[in-house]
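Scroll down for the structure; my scribbles are underneath it.
First chain written, first letter: the chains are A, B, C and D, and each begins at residue 1.
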């Protein structure tokens, strides 16, 4: 069994030409694709339609390539779009292929394993609450099972796309007499990300069910996952989950490791994550095939004791500042701007820092 | 003779408390101050009033401390405010003191030397044209003379604050029958920065007078200075120039070196600049007392072959993206966010890169 | 013959549910649709992907409804998306149906007539230059012919969607050794709008061919059309033209009139436009079925002698300010926010004002 | 006794030239000035330093004119700066003079009466809570007494400037073990405005003390004042209150009336407010010397049943959209852009609407 990834630049949210070319050249087999992560060039906030536009474009592409309906494509491939390429970040697609055919490459030592799962659609009033936490945890377990990962220790990254509240959805819930966690659409993104991350933490035994309750979501940030990366978007109503880890039986050409950035300047997390990839020749920065990381401003208002202005700037959202900062720090180290830096790290790593994973080849 | 610098954080554009405390404790002698560089937290563009607000606040502070009028303070101290602390950059003041008293420290080997000069006020129609270039070159020479720097090779950084056009200034010129270089206020900042930088290049023999003309300003970017850093602001009508270099006779406790970032990811420029500080123990990153650098998006639309979206984003100005990117890359290396990253690098270093100077202690 | 319009609210750029419902209920016959104008909720500037997203969604809808390919749909329906619903403007679709069947309603007095035409795709170097002006004028004439409008006096509005330059397109032209009118993508929108508007002015005898040249485009604003409304978008490479007027033989249930807003506060232009609809009972504000208008900030920096800050604000683009201002002024008069207010009025009406058309029923 | 107002345009937040000229020409007597309201050109949100910059500049001006210290000026004049001149709004100062000398003009019928009062400084934890409500109510009563207004029915507008929380202030409170109403600096502006408005409602018998509690602030919007206008700024720690009404004994040259905009399009509120000015010739729009109004987006997400996007736009803050909309609607009616439109109308008029006052001459 083999998991392969492809990193392909995009000229716009609907630019799938690079993927089409890779399919045509036989580098990507559409039937093997289980997930596409996209870094799109919107604001990453409420009215970022680049995510939905990308999803619509990708769905159409794979529907054509697979000769299936859009609905069928949506059931087989997770499209996880993360908006925001501030600073120098390069809009790009990360395509995950899984080949489980008999003749697929395999290996002795553990290799990159990937699995996808979905929750049911959430009602607006479920977002940011335990209902979302628990449904997410269940789906993470399901995705692990599909990936053949048995131990939670072998999970190195869980990427989730989750919904947000819009003014319309809030009204719809109110019309049914339901209260929502917040009527502020921008803040709803944080609640949805936070509840989803706690769902990962629950599934990976990083927190206990008894520790969790509605009241602690987006409040007690001492509870967090070191491997969750969650991203909210207007274009879906359910959580879409991609679990990444290492497992035996999978081709070790690709392997994954993770660590946690303690703060926005802790670029050494890359080195530590590289060291945590499973046995084999110690990989270097030049072997990095993909990097995934979460970014958010420290709530203290400082970085290593120095004031930052991310929370006080009403012209540029804090998540936009954070992505540009972390993206800049890591691009300066890796000399590559094709990084999957995702904003909004509620319950994802420590305050001001975030989980970081490297996939090496 | 001795040049000393102080790096003091600011909680807002009018927060001079740190400076007041340093004066009270005898660390800063107001009479020795020749320049204050400020990184303020506005947008760094046309309507960034944080620069003028800071200047007004600093002028008031030194007027009180020196018992002089604001006009007298403006004649003795250059206030060079650069707006924009995107990403994680820390708003702060860089205060330059020069002590030329008989008893001042001195040294055998060259030490940091600083000199300030001003051009006359410019009419709106002079901005972005040869008149601004030539007046700037003349003032740079004057500042070198004041700093006791004889060779242009010993100049490592020239920081300039220059004016911009506002709708009102454009109208005023038109009413007099004069044409301005552009009626677009935002673009006028670029022309003013570009002409000022070419003035530095001319003074430092980086370009020849015969190579220059109105038409080439902000057009032929193969002409540039490797040591100019220019910043435009609404709060002044003349160019204010701070020349920094090394010279014999000055206390070598502080020294300066420079190099050029080839692009936004070329963080190794810091190492090269450190190597170019004058003799003495080779300084390390931990010795950095201040870092000054220019940032701007590559006009190619790419960084090391990867697309960036800085020019196509109509919500966040390109200079804001560029400061956050370069600020992030350098903060990731230096583990310090108190960096003087200034946007808009027309004729300042190569396209997409920019001059970088380190002052070490 | 009959032209009918439908004004349908949209909850997002891809929300075509209202159109689908109208088709299902028989209110819209897909085969009759010749144009859809959309007011979408992006920034209306370079990176406004809501326009392309809407176009993709509408194309898909009509491809399904008509059982045609997307390419065939693009040849029969003009999709003119205008981004920006600042202030209180309501995102909505304006759908134009033309029924030329034998049994279609007709009338004695002139009724609303509509025709669509397209230019060929433009090379990047053609944008903002005479090539675009002339191709547009030709297409306007063609659209008039299709609408059966013989006299230019009977044309009351010409809505055009035109391309812009992106960093990529600029590079592509440069690689071929061609110069473009500007390398600034945001400014390219203005040039494309301006050249397209002059094309309308040329077709409608508002300017003479001998008066025009490359140099005057976006320079001499004394040349303008009183009936052009042009809007630039990233999603197309040609100009798409919708001509609206009154003509005999068309059902007079819908009629159109136009006038010019002298400045952003000249809401009386609505009354004047109503008076200019062809004979019949004098229509009132309550009869307005659609309003189309252009908005732009006065380059003088003032409105009736009072300063505005639209040009000096580097956080919000001038066109965004102008749409919210004009949209607010007109919504305050009409008590309806479903107004097609389009920004960027280069060569469209006098400086600071713009053409305004009302369609009454 | 006489209250006089002056409406003077400003070219920048520190442009006090118009006021200086009026003082020089004897139109303004500095000793009579009790309040200056300023519409400044910042974003009106957390990092809007134009308010503090204006306040510093005005304080300096009056300190010079009165030969008093800045602290003394701050005790005698209320500076109420409201940021945000979106759309076409004109930055300007509204200067209130009160002449109580023996020889001052007076009249039989009621005339404009004005009084100023201040609360003590608030600790961060008091903001947005009953402590702020009650201190405000007390100060409103005090300002009424100073203005000689006996009946709450004769109060037509209460303008308040109130503090906000910054990241630093939140940390300071936390360090003392205190909780704040929100750690989100932008949201803290809403809480501070809301509590201040309820303080007005309490003082004017619009709500009862028994109806109020911490929990209802910024939650139960059925509680509101029809005459409060509150504006939050970073530059102060207390509430500054200006009460405006009509009272006998005051020169009736200036009079005031108010009403409530039911929603953003209810421009007829101007006519109703004019009708509510006290007896005398019925004033018309041409008699308006100043207009003050609050603006905010309807939480329903709709205006008269049509969707607006103000809450869903993460690039431009909802208050900025609302000011441009209401400013546009009223400027379209009054043909004047010098309107004091203030954003953030929590507990100030009904949801989506706001109090409106006209001062006529």
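Basically, a residue touches a chain if its C-beta (ideal position, glycine included) is under 8 Å from a C-beta of that chain, and two chains touch if they have at least 3 such contacts.
The structure displayed is predicted, hence computed values, not measured ones.
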A-D versus A-C: which interface comes out with more C-beta contact pairs? A-D
Longest centre-to-centre distance from chain B, chain (CA-based): C
Inter-centroid spacing, chain C versus chain A (mean Cα positions, whole Å): 40
With chain centres defined as C-alpha means, what is the inter-centre distance between chain A and chain D in Å? 45
If you look at chain D, which of its residues touch at least two other chains? 11, 41, 43, 47, 168, 307, 309, 312-313, 315
Per the contact definition, I'd like the list of chain B residues that touch chain C in the complex. 43, 45-48, 166-168, 170-171, 183-187, 299-301, 309, 311-315, 317
Could you please specify the touching residues of chain A with respect to chain C in the complex? 11-14, 41-42, 47, 49-50, 52-53, 56-57, 60, 168, 234, 315
So in the complex, the part of chain A that touches chain B is made up of which residues? 9, 11, 41, 43, 85-91, 264-265, 267, 303-304, 306-310, 312-313, 315-316, 320-321, 324-333, 335-338
